[in-house]
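Structures follow.
Below are two complexes that have subunit A in common, paired first with subunit B and then with subunit C.
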Partner chain A sequence: MNRTVLFVGFFIAVAVIGVLFVGLGKDPQVIDSPLIGHAAPPFALKAVGSGETINLAQFRGRPVVLNFWATWCGPCYEEHPTLVANARQMQPSVQFLGVVFQDTEDQIQKFLNERGNAYPTVIDDAGKTAIAYGVGGVPETFFLDKNGTIVAKFAGPLNTETLQSYLQKAMKQ
Partner chain B sequence: MIAAILLLLVTTGAPDASMSVGPPQGRPMSGAALDTRTVEVASLIRCPVCQGMSIADSPSEMAVNMKHQVRALLERGYTQDQILDYFERSYGQFVLLKPRFQGVNALVWLLPLVALAIGAAIVVAKAKRLQKPSDPATQRPSDPYLDQVRNLVSGGKP
Partner chain C sequence: MTTASIGRFVILASVLVSTGGAVIGFYAGRSRSRAGLQWARRFAYGYALLMIAATAVMEYALLTHDFSVSYVAHVGSLTTPTWVTIASLWSSLEGSILFWGFILGIYIAVATYLTRKHNDEYMPDAIGVWLSCAAFFSFLIAAPANPFLSVAPAADGPGPNALLQNHILMVIHPPFLYLGYVGMTIPFGLACAALIQGRLGHSILKPLRAALMLPWIFLTIAIMLGGWWAYEVLGWGGYWAWDPVENASLLPWLTATAALHSMVVLERRGVLKGWTITLIQSTFLLTILGTFMTRSGVFNSVHSFTQSAIGPTILVFLAAVLIFSIVLLALRIDRLEADGNFDSGVSREGMFLFNNLLFVVLTFTVLIGTVFPLIVEAVRGKQMSVGRPYFDSMVVPVGALLLFLLGVGPALPWGGATAKQIRRALLPPIGGAFVLLALGFAFGARNPWTLITLAFGGYAAQVTLSQMRSPVTQLRRARRRFASYVVHSGVVIVFVAIAISSTMRYTQEVHLTKGGSANVGAYTITLIGVDERHEPNRFATVARFDVAKNGVHKTTLEPRMNQYVAMREPIGTPDVYSTIGGDFYLSVMNIDAGAQSVAVNAIITPFVGWIWGAVILMGLGGVMALVPQRTAREHVVIPVIEDAVEA
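Right after this comes the complex of A and B.
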């Protein structure tokens, strides 16, 4: 009986350690999205400011940095200067596009006027586009290659180093 | 090229469910039946910004948006399976409150049964061991005095 108890205890301990090892070894900001490797869900949404319709498909032929954000999101304030600086440096060979959900156009415009506006930002009414992309919390950024395929997803505020490493991945395709 | 142009012309607004799960396979719903079914299906979908809550129970804006999406899809005639599939394609299996019986997730269903079977086997083995007559080798050695006492107690001759 003692041997059985020892065996069962050992089995449970190994299972718990295995689960912890796998779980704790992962970077929580790197999310395994089922969309990676698949075509980005197409959308055509209204741009903040100009009011023109921006279609994701119009950027086909160059990598796209698709950033979901909102003005009520603290980390988005932290990340915005990085996105603006990189967009100014890399556009038009790389397209940056902001998608804002659960927000108002006035708030977004105020945010962009105060903190820089280097690329188009569209409004996702009712969060349908965010849902199609499996967005949980903002900011979340998708990296699309020139064919419109999602190659990576990053959750949390980006810094230049991270952004560039993901972009390299998108540009390799 | 033609496909790209068509996509440019056809796509207006947010991504449509038909692009990932095809056309509706059920009947369009409305009225009280739609309300009830919306809650039923929404209770199967995890709110991605909450702790273990379904989008039917969560008051968060994200959950409310997702619930509206469920309602709109039911209204158009999408079935429960199609709707769960749609959300799973965006969020992964994490979004399903009831994991599917496949791959590693099958362990969630199988492990309790395996544990139950192991427990039952241990109980049966233990019970059998208790019922088994004791080994003669382990019996107490014969004692003439005790034998005599036993005979007296059972009414035998000394």
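Right after this comes the complex of A and C.
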């Protein structure tokens, strides 16, 4: 038995497997955002359908699920039923809000009529709100606590399990 | 019986056959039973047949659009072209593991067949190790990554990952990569068998070298194809980004290349037995690490499959193989006695040793850079990424040293040399170094690393070419030696082309409306127009450019944006005009069909095409080395050529 080989080998093995094991629990789709822990950038945008202006500040006092999406985005189709189902179940204690950018109102209205409409959707015409939130692609979802502070950000289509785990985080604050 | 249930049945059978064969193999190795070895071989062939059958069932389901099979429902689509449908097998997680099993089955069957008349003392354990790995992958297919689940059939499916559909190279690149990755199981099995038996005799070296060389060829070409694909598709004009998964393919390549070199010393001088085996084991372990990286969802990369449950399973396998390898090595390494010894450091074998050291340094450098973000996050809870500057600053100097050795090593004789011999061997190629350096300087190269690469490349080129004189004679009498110089000449070209193409690129952003022109270097581009095209599986916005050089029309380029239904963002596809001297590359940044306007990134990259050609030359050299040399049947007495065994 060559003890040097054994000890050096085990040292390398423990280090490599240990690091990979720790990495297993993490999800690279969870993107650190400099905004996490900070107040969500304020906005007041026109709602699809009603045309009234919705101000983010009006939802202060309850957690908000802020979902950036567009009708030209495939994964947004995929996650829409999840958002609608969870919104129907959890509102009004939690507020869901969709922000659509680079899109037309007709397209959005058609999408919502066909696929369900459970919460307000606003149009970010110039894309300024998406820029303020540092959105890199759609869908991206921000979780705000009741004080309007961003608690987490998720890139890509959400499933119920992921959505609920982040929401728990937002509700704890 | 439905297609899905046939698939599940075949996979379950493959779990049983591979497990049974592995047990029989190890038993036969211990008891030295010839009948046991025969049975192990039969099980190996049986496993291969079952994997071929399972893959055939899946391809049948894909081609007949049987959406009751879960994998087909996941990646199939009525609108995708047939070639995409066939390639869908490796477009997503479950299918790619099945494809892995298919290739492993073929490798095991071929290796079992080719070794049927030799090395009976090693083969039972080798088959045992191969089938153990096979059992693991069959288990993966049968349980956590089962592509044959029955689902309620939908009318149509989403189609495979759009990136796969975007370029033909994406269909060729994965099979080559798998042939490289999976093939490393065979040398691993042979190396473990040598350790279990406690000896590494001369008879096993030849099959071991061939078993390592073949997947090395595939892996070499696969890495190049991946880079070429990135260049042709991703639109940033580069071919290597030190992405975690690119690194994952490079790591086993580095250790396999080191092992191929240490084997030369082993064959020639009878030393470095334990070291060579360690390198072969590391190569296999790194392929499993690479598989973990792409399939665990731990690393964010263009290559990552979506998050899945198989990450932990692969990690357990990696840990098991790692512990098995370490214990085996610790138990047996002292039994592998050297048959010879080192005479001098300033010799061919000394340079081989130095080469191995550099390859190991490179492997650790790339490995640490790749997993460092995980370490930082584990320790400090912060996300970070290790970028290009780290890799470039660490890898480029070691790479330059390797290129230098590629010149010096083959120039030195085996076994040590006198000062006069050393001077005579090492001084003349300085001429070659000066020639290439001067040429580069004349053409405007000023980056210090580019100039160093040109000098070392010129030196190595002169040494390599002088060793390749009288190719016809060498091909007959010293094929492997000649083949290794073919590979080396490819390597020299790759180094020089990478140095020039990465430091002498010219990039310019151009905004044009229909009919407008702009000058980019010696080229003039004119926007003919912007079209919208509806294709069966995507919607494309295409810009058409007329490209002229010095007033003469050269070509029409059509960079485009493709929007696939299942993708978050449109995928830009650049278009390239390639010449021997370099490429002219147009990549869309912004396009508007209504306004007939487009913004493109125009990139002129000298010598980039040489990289692809030179890597193919490396692969050809490898193939040449694999072809057995026919000397026994010839009745001519062949004079012994100095260094005839290998360079």
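Operating definition for what follows: the second predicted complex is superposed on the first by the 147 of 173 C-alpha atoms of A that agree within 3 Å, B and C clash if a C-alpha of one lies under 4 Å from a C-alpha of the other, contacts with A are read in each partner's own complex, and residues count from 1 in each chain.
Heads up, the rule we're going with is that contacts are C-beta pairs under 8 Å (C-beta built on N, C-alpha and C of every residue); 3 or more make two chains touch, one makes a residue touch a chain.
Predicted, not measured: the structure shown is a model, and the values here were computed from it.
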| item | value |
| --- | --- |
| Subunit B versus subunit C as contact partner of A:C73, first or second or both or neither | second |
| Partner chain(s) touched by A:I17 [first = subunit B, second = subunit C, both, neither] | second |
| Which superposed partner A:R3 touches (first subunit B, second subunit C, both, neither) | second |
| Touched partner set for A:P139, first subunit B, second subunit C, both or neither | second |
| Contacts of A:P41 with subunit B and subunit C, given as first, second, both or neither | first |
| Subunit A residues contacted in one complex by subunit B, in the other by subunit C | 32, 137 |
| Of all residues in subunit B, those that touch subunit A in their complex | 4, 7-8, 11-15, 19-20, 48-49, 61-62, 65-66, 68-69, 87-92, 95, 118, 122 |
| List of subunit A residues in touch with subunit B within their complex | 4, 8, 32-35, 41-45, 53, 55-58, 60, 101-102, 124-137 |
| Contacting residues of subunit C [partner subunit A, same complex] | 158, 289, 292, 296-300, 304, 307, 311-312, 315, 318-319, 322-323, 325-327, 329-331, 333-334, 371, 374-375, 377-378, 382-383, 563-569 |
| Touch list for subunit A against partner subunit C, complex | 1-3, 5-6, 9-10, 13, 16-17, 19-24, 26-29, 31-32, 72-75, 137-139, 156 |
